[in-house]
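Each structure below appears as structure tokens.
In the two assemblies presented below, chain A is common to both, partnered first by chain B and then by chain C.
Now for the complex of A and B:
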């Protein structure tokens, strides 16, 4: 297995609404490895999208990331930040601990985001080319170390018609549109979002996310609302990009078929927590958590039409802190629940047969020597072990 | 929540075709057309221009038998929903007939809409937009009973309570508003409302596409149970082939307003005769094909406003029939490349800019026409030279026109010299198996051989 690019530890995102505190993401930990596709699946309201948006630092009031570390593999940045020992561990930088300006310089450049529903994510009054070029331009200016100062503000106020986008950036936008297989990209760049079909707009959205050659792509429901034929094309494109650019993809989706087609590993999310993580074929063929089993059992199997489907009873809990069931959140809907389940909240632990496959269920067949901390698992980089001191390195 | 039914493993519903007996079909759709015609502006009227028309449903025919579930699948914009609404008399057809138990639906609707509404109902796609937010669960389900004055008022409340329990909701929630229910529960309300008048036919317009898989499974098993209990006939519209395979007995595959293939679900999905059905099946995710192994149909769907001539699918079809003048060797070696070439020319992928990029990528001089032609042949995998000499000359002329910058002539030459019968003739709907029909020239060929 290659090195991890991102190590998320105990990510906790909450929303403080009038109805009460919503625990959208509750202590999620995972690693994203270089060049892999990690799928996060779950029902609506399970916290998938909030997890993705938390990584991009896109949580707005009344929501907030209240806890967690987001270690990003970036030797260059780590070398720059030697005066912030708390935020650096070896080649990893804790994106949550650095200054907002540094964090801002990562989102959009190192982390690209493909938003859900491109029809709503694009500005209807700007051409598609302009919007992609804007992303290119922002990145280029960031790379040159420019910030938005008083002179920029004055220029924009005094001559609002002058374009922010340079011709070079626009050219690059056209190249990006070509990269995502949009026919006649030069002409399409001058069109407005409403002139694009749903599938084409999703491709344009991917082009925008690619503007700065990101190392991590976060794709939030990239195929939802598209026809199967168009969906297949988008999945194909994502897979191609992963191979060509070596980017890692965090694929957030509720479509288990899409996951089976493209994901290397799958994380199943329920009520703000990861309940099972592992290689996709292990999770699909030998689900260890009853919830995963339930999800798979609800799906009509195309190639075996006589197989019965078994719905999971009930609904996803609404994540309000005071309405969450005690112990395991799935216990009220779980066919295998016992009294013990409502007493303890299970943690992710390696499955006995395969340590790369982890599950949060007290009834699962857990490896005996799992130890107390699930993070001690060999597949996870132990963040809590101190990084070697400079003095420890032997020089000859 | 407590008001959902316990999970009961369901046997797959009615896999065997229902007993049709000698009886006539419940619903017969015959040559149905529904075109939406644009408003004609004054200028158009003066110039007597024809107003534009969207051919949403164009000559669709099928029968629906009592007790069966007929699926209608296709991409968005293929006319599935328009078809459903026209069948229910919600839209006036442009041409053709819909017969329900032998009498014309649109005559029935014109004389007594309420009478017809008691026999045929619909469940809509989006459960959050089809329920009145100011009405309670009781009012929503009782409304059809009130409008049709079914029984005494006290009796209606009993009926409502029965229905609500039957679809798996709790009678404790009768006074709640629609917004207080989850998506799956709202869809149950929509189903209860459709059942209220004890109809014979229920049209289900993508009833689970807005739902999560676990809730979708709850609704699918509920629909299967209700069908058995109330002897219902379903017309099930969906774009999810797995769901159609699970619930339906027969399926209609629609493409741009026309029926591409029709037959028993198992036969259509296991041995598809129409290349469009094959593409839909291959695109269905989670069937073991990893991304990268699959050849996706990337082409945009043409608009029903200006549908392609001949077979409507020929612009995306991977197995277009070659022109008759050339032999079998031509079809095998040269035809796929020429097809790819003509599609790219048509899509404007060989304009001046694109040619410059192509030359750059192949490291040839953009002025060197011979090298550029070779690069184009390379990109479209056209063998050099073609074994058929006449074809080689014709193709060479088109390529020469293209590299000299005259895309229109190049395309015109292609269309004249390499015209496929698929672009010229609309394929007839032929029998490809028992009760299994498809509209494809390839299927006709097989039919002829047999």
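Now for the complex of A and C:
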């Protein structure tokens, strides 16, 4: 039995730049189930990373989450927040509707984020162990209900005897480094980020994301900057952690090979919208959206190294609001596009009778018949039938 | 600790070479200078014999190389020679003028740092707000206003028109003022010291403040856009700690570097500012010596300033290496 951990509804994130309004994420809805890996794939600039950062509440000006609900399964918090009826629905809490302080603590403890470039996501002037220990410490202080004021800061800054990170937190940071298979963790904890290799630093980043025992790991292109051999190790580690900790993983990537390796379900993103979502083998073997088909067609295959690679013509549209094509945003590049496509913006609809596989394309049936890919292999885990959509289920 | 000592030893050795270069250069300046100090020192109706006698007394008739070796060995022993004008030891005159300059430079530095860094942080945090645009305007004015003009205008407005602060002078030093306060419970010395310090400090420190403000603002803005700041926010680090440990600390490297480099500039700038405020410091002493071609005095001042500059730079490199672990002490 799988159950939703997160239900995102109509998430809309925009950036208000000098050049105009950028619709980075436009009304995205999806569920993340307990213990699953949901991959979000798409080309650069399709809004994948912004989706992940929106979940973490890490959108900074000039960007803003302008609309949407982010329901998080937390019976404890739901019970605490009975005086905020708008923010609570059964065991679910709308992260967007609670106070910033509650949201910050929720995002900091329940969600762990793995950034794309570990070299940029670690502070160069603090040791790696110290930074992981900070995450541990933040979580511990939150659990004790402590606040951190200016007087704490002054004491930590001015007194050599006082520091934000306690020795226990540092020990836990060393344990976490060991957990992600970093050799000699006690010594490496005292090293600075520039003394780590890319792969080791990405492992340290994962250790940091695990500091608060998160329910959800958001991995934003965790393997992009790494060697292929090291990529495999990182993906293996993520898979192992998913099994050990039971955490769900939102895997943001443009590497379809990685997706095929570990994702239970795959969501395809294009121009700020989900255009297809379903079990990974269904999406890979029977893509229902011409865009998904194009993505898969642009990959070389092992079966036939001489098979021609078919690129998708054109480029991802500029996400500036006034430059977006009307109707379906893929229509200008789509081989199956008709006049109808530029007239209506398609919504995600179930493909045929399979409610777990949904697609946003008015020509979905044609594409599903024509498309096929051999990338998804038989080693994929069997996919449980996803839980019913939010709203249809009675929460207890 | 060993690294630190090796670093200090090596940099000090390099510093000695630099100071030797300064000594040699200022010595050469004197040699190629067309003015004859003996002529200037002698009375108007002096006979050629008298002038020649003075030249001989000053050692100017010796071969240049001998003069150089003699001067250099004197410097090595801490003997900077005697002033042509007053016939007093140069070092004593310099030591007498030094506190005034150091107090002024230190006050200008403190004023600049205390005003610029908080403003820079605020400006960056509230980018585009009124506080940001106002500070930017003030800093633009600050970097583009020559300090002598600012000094004269302030004297005209504050001292002459409003009659609030004294126009010039340094009737009492900080040490004397504090002695008076502590041992005789007389605050008048300190009040007078402060009143005389305010305008020169602002005149000397404004450019520096404007410069540091821009560096801080840009540095903080750059740091705020870094992914590790976002990551720290994501792990729930308190905002105040984040600003200190992730933003301020990392954006301070250029600020520290420029502060060190500009300390020399503060001393140099004090030449002009001291003149405007009739401030009895190294700057005034230098100008006065320049007017009468008092070479030993000028040489002494330049050597001292050069040595101070070298020491400041070693300190800056040291502090930077402590702030940024990627910088190795070498």
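As a convention for this text, the second predicted complex is superposed on the first by the 353 of 396 C-alpha atoms of A that agree within 3 Å, B and C clash if a C-alpha of one lies under 4 Å from a C-alpha of the other, contacts with A are read in each partner's own complex, and residues count from 1 in each chain.
Please note the rule applied: a contact is a pair of C-beta atoms (placed from the backbone, for glycine too) under 8 Å apart; a residue touches a chain by one contact, two chains touch by 3 or more.
All values derive from a computational prediction rather than experimental measurement.
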Side-by-side fit of chain B and chain C on chain A, or clash: fit
Between chain B and chain C, more extensive residue contact with chain A: B
Which of chain B and chain C A:122 touches, first, second, both or neither: second
Which of chain B and chain C A:183 touches, first, second, both or neither: first
Which of chain B and chain C A:85 touches, first, second, both or neither: neither
A:167 touches, of chain B and chain C: first, second, both or neither? neither
First (chain B), second (chain C), both or neither touched by A:200: first
Chain B versus chain C as contact partner of A:138, first or second or both or neither: second
First, second, both or neither for A:312, with chain B first and chain C second: first
First, second, both or neither for A:107, with chain B first and chain C second: second
After superposition on chain A, the shortest CA separation from chain B to chain C (Å): 12
Set intersection of chain A contacts, chain C complex versus chain B complex: none
Residues of chain B touching chain A in the complex: 1, 4-7, 9-12, 15, 75-76, 182-185, 212-218, 220-221, 239-243, 245-247, 265-266, 269, 279-280, 282-292, 294, 296-298, 300-301, 347-349, 351, 353
Residue ranges of chain C touching chain A (in the complex, touch as defined): 226-228, 230-238, 240-241, 244-246, 249-250, 323-326
Parts of chain A lying in touch with chain B, wherever the complex brings them together: 43-44, 181, 183-184, 186-187, 197-200, 227-233, 235-236, 238-240, 243, 254-262, 294-295, 297-303, 305-316, 335
Chain C-facing residues of chain A, complex: 53, 56, 58, 60, 104-105, 107-109, 111, 113, 115, 117, 120-126, 131, 134-135, 138-139, 142, 148-150, 152-153, 156-157, 164, 192, 194, 208, 211-212
